[in-house]
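Structure first, then comments.
In this document, chain identifiers A, B, C, D, E and F correspond to the written order of the chains, with residue numbering beginning at 1 in each.
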Amino acid sequence: MDVVFLTFILVLSIFLGFELISKVPATLHTPLMSGANAISGITLAGAFLSAGATDPDLGKWLGVAAVTFATINVVGGYMVTDRMLSMFKSKREGEK
Amino acid sequence: MQIAVPTEKWANERRVALIPDSVKKLTRLGLSVQVQNNCGLESGYSNEQYAEAGATIVDDREKLIRSGDIILRVRKPDAEEVTLVKSGAIHISYLDPYNESQLVDALTEKGISAISMEMIPRTTRAQKMDALSSQANLAGYVMVMLAAQKLDRIIPMMMTPAGTLSPARVFVIGAGVAGLQAIATAKRLGARVEAFDTRPVVAEQVESLGAKFVEIDLGETGQTKDGYAKELTSEQLALQREGMKQIISGSDIVITTAQVFGRPAPRIVTADMVGAMKPGGVIVDMAVESGGNVEGSQPDKTVVTGGVSLIGISNLPSIVSQDASQMYSANLYNLLSEYWNEDTKTLEMDLEDDILKSCVISHEGRIVNETIKNLRKT
Amino acid sequence: MSIGLIANLSYILSAILFVFGLKMLGSPATARRGNLLSSMGMLIAIVAGLTSKGIVDYQTIAAGIFVGAIIGSLAARLVAMTAMPEMVALFNGSGGAASLLVGWATLYTGDISTFTAVTVLLAILIGGITFTGSLVAYGKLSENINSAALVFTGQRIVNSLILIGILVSGYLFSVEPSPNSQWLFVMVGLALLLGVMAVIPIGGADMPVVISLLNSYSGIAACAAGFAIENNILIVAGSLVGASGIILTNIMCKAMNRSLANVLFSGFGAVKQGKAIEGEVKPVSVEDAYYLFEAASNVCFIPGYGMAVAQAQHVVKELGEILEKNGAEVSFAIHPVAGRMPGHMNVLLAEADVPYEQLVEMDDINPRIENVDIAVVIGANDVVNPSAREDEDSPIYGMPIINVDKARTVFVLKRSMASGFSGVDNPLFFGENTRMLFGDAKESIAGVISEFN
Amino acid sequence: MSIGLIANLSYILSAILFVFGLKMLGSPATARRGNLLSSMGMLIAIVAGLTSKGIVDYQTIAAGIFVGAIIGSLAARLVAMTAMPEMVALFNGSGGAASLLVGWATLYTGDISTFTAVTVLLAILIGGITFTGSLVAYGKLSENINSAALVFTGQRIVNSLILIGILVSGYLFSVEPSPNSQWLFVMVGLALLLGVMAVIPIGGADMPVVISLLNSYSGIAACAAGFAIENNILIVAGSLVGASGIILTNIMCKAMNRSLANVLFSGFGAVKQGKAIEGEVKPVSVEDAYYLFEAASNVCFIPGYGMAVAQAQHVVKELGEILEKNGAEVSFAIHPVAGRMPGHMNVLLAEADVPYEQLVEMDDINPRIENVDIAVVIGANDVVNPSAREDEDSPIYGMPIINVDKARTVFVLKRSMASGFSGVDNPLFFGENTRMLFGDAKESIAGVISEFN
Amino acid sequence: MDVVFLTFILVLSIFLGFELISKVPATLHTPLMSGANAISGITLAGAFLSAGATDPDLGKWLGVAAVTFATINVVGGYMVTDRMLSMFKSKREGEK
Amino acid sequence: MQIAVPTEKWANERRVALIPDSVKKLTRLGLSVQVQNNCGLESGYSNEQYAEAGATIVDDREKLIRSGDIILRVRKPDAEEVTLVKSGAIHISYLDPYNESQLVDALTEKGISAISMEMIPRTTRAQKMDALSSQANLAGYVMVMLAAQKLDRIIPMMMTPAGTLSPARVFVIGAGVAGLQAIATAKRLGARVEAFDTRPVVAEQVESLGAKFVEIDLGETGQTKDGYAKELTSEQLALQREGMKQIISGSDIVITTAQVFGRPAPRIVTADMVGAMKPGGVIVDMAVESGGNVEGSQPDKTVVTGGVSLIGISNLPSIVSQDASQMYSANLYNLLSEYWNEDTKTLEMDLEDDILKSCVISHEGRIVNETIKNLRKT
């Protein structure tokens, strides 16, 4: 039954993803991509389980590596997006 | 009450004070109208049309003027004809009261209520009676037509297989009613239009017609509460001339409309500025009658100096006499109907009224207009 | 309420924040706030994730987070503004790597059903492709590797072999899933290899599109990992990114006037396709035209008799204004014989109040037509007909024309393929860089204007 | 695969169809196909629903479906085209009733947790309100009951009592949930009563909005029922309808230039609010203006000096054309002193090529201004100032004006509350039916145009 | 856990519902409302369980009533929507 | 080669064949240019400008003409001056070869290569040399200006406080190059414009300028492959008159440009149609020189009948002589540069060329133009 629920959730999210992005001005393409990329770092939340396990088998170390990589993605992704957007904004304001 | 409309006697005056359409409306208000034989001929209105509208056609001018309770005309009366007018009658026309003190006195003495059309205030409410506006508007259009006609080029830009003809450059000095209409007409024809006026509020109005306002810093200028321009000091005028010189030399057509109400027009374009224009250029001076904005312009003549034609026509609206008469006539109708009392069948001369206060010059044997009265004192 | 329930409710909250965040990222006014919201969602999800039941050893986690945060924040802060795209590629790659690792690590958490095995494989495969693909993209963008499209003979065969290998090893692994299965390692290796092979043949100029696509993949990888460990938020966030990433990729392709397939496979089949496109009429929709207009910085309108027939002068002028506001340089090139009387175009453009400064003559525009991003031919035909220049047999041979065919992109707005006044066919319509926007010129332009919301 | 799994996968399919269906219903070109898709989704969901484990007695179900189908199809086929809205109300009511009944029936299926009890109560409450509310709406629309807003003293108190009753009985029921609980019956009764009370005070003209809102409720009721019986498709479909219904309601309110609160409660507080609104400036957004334009069938533009300053003539003309295409009658009323020179407006409108037939004089428009749905005042001020008509002390008293204040709705497009040439304040801006669209006239109108996609 | 899944589904569906409907021309307001209304007849799928039960208690009869009502909503709703839209279409075509 | 540009001798001809700008371009091609003293004065170009551009100013007209290898002028030469021209020289000007058979013979006998500017074909490629087009275009503009000037009304619509002035109605008959430009100019000024032409393809062109095309069913009409109108049968002409009568009577301005290449212009507007117009109306007849479209119109006169002014000016482009000269000169330049061989420094008279085949009348002592030759045969 869980699979059914998960599929439901999957389908709805995909639809929502499609609907959310419609017309995006060219200037926002890169920030949007970067912002979305940061969200895909959500794998982090899934990496804890393995990384936090007791047995120090390969799985744990894979998990720790996953945590590191995912964190890079999350932290770097959000920060770089913000930097881009802040530039963008000041440019806009400068124009006025 | 009896309205009398004599034919205009002035040379080159083709307008008529009342057109058949207004005659019809006035008779409907309960007034009766007499017009002189063939008064409307020059502006395209025939005796038949007047008769059909309810007017009586009178052949004898003297009789006509004698019988009128209200006399409507375009131009000021001459001294002789004033004597014919009934005492107590109302006389509406242009009067030029600032300069024609003798005429004003004559009217006053005869006990005539003289209304001067140029003294109608420039307020929103009075605009429908404002003949200065309505005629200046037409003058603005006519000036461009005259200039276009005289110019040895075409006005619009054309990119053709035989090369590109650049658009004519038109410079309008003074953007009052006439100036604005000149700008609009020149723009319509595709000219590059620039304009200048001493009143800074005008800049926006010029731009609202798609033309360019030329900025010349003259220091403090301004306008009276009626919206008329204040007179410039001689330093300011010099500054202005300096600023305009270059623009004029690059222009194909220069149109000047600068006037200061009640005073001689400022001399803005000097002979050397005229000389700097390209041969074939055209200048139209609307202020030619009140002294001229352009050095060398002469009333009702086209002077050519150094290839530049200087057109100075004193009676521009008369060129489009049909429309000009229609508008003047509508102004008169609006004035009469505003103060006509349908019950008593009289015109109510309420001298407290904003509009009448300004435009009635004499009434019941006295000069009642404050401005004219003050003029006498000094 | 159990901790698990709270965690899950937090996931819902963070999902909501992600949705809002993405939505707001799509519009300039709200983009920055959107990014903030989405990062808050992420924080909540991370905290909730830390409360998961199985977690015992927080130290290693903290260590991982610490190292990752340092690297990430330093990289984000130090990177030059011009190097942003490659930085995004790197971040994206690490996201892919994380998904791969999470999938892999899941194998160690206990019994593995076939379903789990399949999802793990998907996570590994997509994560792996994302990882190496992003690295290659980074390399190309930063010019550490040759940014040209790299094509070698037999490429197709190699790729096919890799794909077969992936299918086979995937099947063999899921029959008998185990963390120690040799097929697993084969799988990981092949996934990484495929990422390289997929991106290598694409030219550097197309990299932004590739990164956007890989970004979408990394979402899908996260989603697959989510299925493997049955985690809602991974599925929601992953599929949101996956779906919106694909849309964004599509938008970017449109703005480049390319199809996605063209971007991805142009490297492979370059030679073969070139020929086929020649002589082909490429109609374009109003929407696609909009994307190009949006991105153009130098637009030249070439009006002809059709603009007069359509009475399109007012909308043309308006589009010009919009483009100028959008930062583009706009001009109107008037051919001397355009229209049906001398000065026909001047009359119309003056009516629409196009400033004289924007009008340029044929001889002025031709030397700089190469710099024009989009030449918009509005109901003109003979005056832009290259056969006047090239075809000695043409009745109009020798007439000077506006060389729109040399502009970067040409839009031709007309109602049909019909010829103009002189009745001569126009090879421009078949040009490589020509797009036909069929329909009444006024309606077409009004359509484009309404796309500029 | 188990039947259950297949059923659930079918549910996913039908959910997808519902999403597509709703999406397509929103655009004229695809609406009909959208409805078809959604009905296919419904068919799939029904078939899947019939495979549920607990179902034994198919005969009664068949009977129910048979009767319902007959009634529904007859009603749908026989209803006059003009009576469509009330028919929708009736159908909506039966949907509400169904949710109420499903919720209620769930109580008989076994043990009831508090969670289930709460969801059952919600299903009953919302379903009940939808049911009787729709009936009242039907009655008002078909004029079987007085369509005027029915207000009586103490109405508020009665409503408060009902609400309290619902809370109390709801609480008492969920403490000890049982199909025979007396609180259940109280609840059902109160829900039905609340539906009546909520709709009675709303005027007949606002019924379409009410029906749309109730439609949204019926979705929510289905959703609640879905929670009660833990059925995915009910939740998905129900919440889709619930959410999209609310958006639609909002759109409809905007098109009527009302807030939802104003629609729902205007009946209650009518007297008190009337005064407060007077003397209030009501700005309107470009988007809201669009909705009104979209629905208008007679639009009159009144240009003034501000149109010249903004050089808005071209966009005004374009908007006029769009409105005409949209089926509206469009005219331009020119006041003789509008602008800063005689004929100022004529020059501009001629430049924009507005046909002379559309220009009307003040004296022609004033007698029929009452029939104008929207009078659009574009940068005019003095020429539409009602104090010229009404205020003897005003310096412009006596000047004839264009009586836009007598049109159904007035949009005033200007940048601020500043006065015009004559410097006189303008009471028009505070009029009951006046909406101020602040900003440069050209930009405002361009905004409206871009809303007309 | 089911509740969590259901809530997820609920939230996503609501978002989707919001996103789906954006700009709707006035002419489509009624058909859209009516079409959405037909979907809300989905309660039908939930009514089967009670209506198809063996014990003929009140619950069963409530269920049967629910089936009937919901069917009215579904059948009538779709049909009436289609009627409206067909009219709408022919009118549009007539205009051309 | 030596180019010679004599001053135009015709009355009212203010244009000049070559302006300084083209002189400059021609000298750059390696040609040398001589112009007669003051040849450009009337169109605004001074001797200094010519000298600066590289031309030699020659005082003696006879010497000038004798010395030219290429002679450029606007109007056709008179018989006497033909004798002055060098044998073998190239003579480019209007020639009217359909009617001037004597002149053509004279040119042929003298061995002059005579190019007739009216015979340049109406093809897309030849348009840059097409003087008929370039001059007709200006004529279209000038006609409207003349009419506007003569009308006692203004052209645009105005809604003013003094009533509404309705827009003038303009009716253009014949929508070729000149007619279209007239339409465009009248539209610009705000007129309500209607137009008629026998060639049905023109309807779309008229509408593309925002004017209304009047449909009159004349049965089969058409155009030649050069785009010229075919002559109507007399029944068709009667039908046309019938259809136009009402429109003319409601018009303020009527502009006629109907011509049939190589034949007298059709008489379209009859005296009773003129009589039906309102007094004050204006008719401009562009075809006045080739017979006139309007009954009673006279070349270079303004005839007033029943209050309607009938303007018949034969040389319209000359009114805007500066632009007209510029365009004519560009046409000549384009013609010369198209066939100029920079290496051999000669003009290549390739009589197989499409354009030269049409416009070269005589060459090396023979009439080479097919049409003119055929004319002689019949």
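One rule holds in what follows: a contact is a pair of C-beta atoms (placed from the backbone, for glycine too) under 8 Å apart; a residue touches a chain by one contact, two chains touch by 3 or more.
Bear in mind that the values here come from a model prediction, so they are computed numbers and not experimental data.
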Key: Joint neighbours of subunit E and subunit B, given as chain labels   = C, D
Inquiry  = More than half overlap in residue numbers between the two sides of the subunit B-subunit F interface, or less? Answer same or different.
reply    = same
Task = Write down the chain pair with more C-beta contact pairs when D-E is set against C-F.
result = D-E
Query = With chain centres set to the mean of the C-alpha atoms, which chain is at the far end from subunit D?
reply = F
Query = Just curious, how far off is subunit E from subunit A if you go by their C-alpha centres, in Å?
reply = 35
Inquiry  = Taking the mean of the CA coordinates per chain, how far is subunit B from subunit F in Å?
reply    = 40
Key: Distance between the centres, which are taken as Cα means, of subunit C and subunit A, whole angstrom   = 19
Inquiry  = Show the residues in subunit B shared as contacts by 2 or more other chains, in ascending order.
reply    = 127-128, 133-134, 137, 156, 158, 160-163, 165, 188, 190, 210
Overlap residues in subunit D, where contacts from two or more other chains coincide = 19, 232, 236, 311, 336-337, 342-343, 347, 350-351, 353, 453
Request  = Would you give the residues of subunit A that are in contact with at least 2 other chains, written as numbers and ranges?
outcome  = 1-2, 5-6, 8-9, 12-13, 15-16, 20
Key: All touching chain pairs, where touch follows the definition stated at the start   = A-C, A-D, A-E, B-C, B-D, B-F, C-D, C-E, C-F, D-E, D-F
Ask   = Along subunit E, where are the residues that touch subunit C in the complex?
value = 1, 3-5, 7-8, 11-12, 15
Query = Residues of subunit C touching subunit D in their complex?
reply = 311, 314-315, 317-318, 351-353, 446, 449-450, 452-453
Key: Residues on subunit B engaged by subunit F in the complex (per definition of touch)   = 14, 43-44, 46, 127-128, 130-131, 133-134, 137-138, 141-142, 145-146, 148-149, 151-154, 156, 158, 160-163, 165, 185, 188-190, 278-280, 307, 319-323, 326-328, 330-331, 334
Note = In their shared complex, subunit C is touched by residues of subunit B numbered 156-165, 167, 190, 192, 210
Ask   = Hey, which residues of subunit A end up touching subunit C in the complex?
value = 2-3, 6, 9-10, 13-18, 20-54, 57-60, 62-89, 92
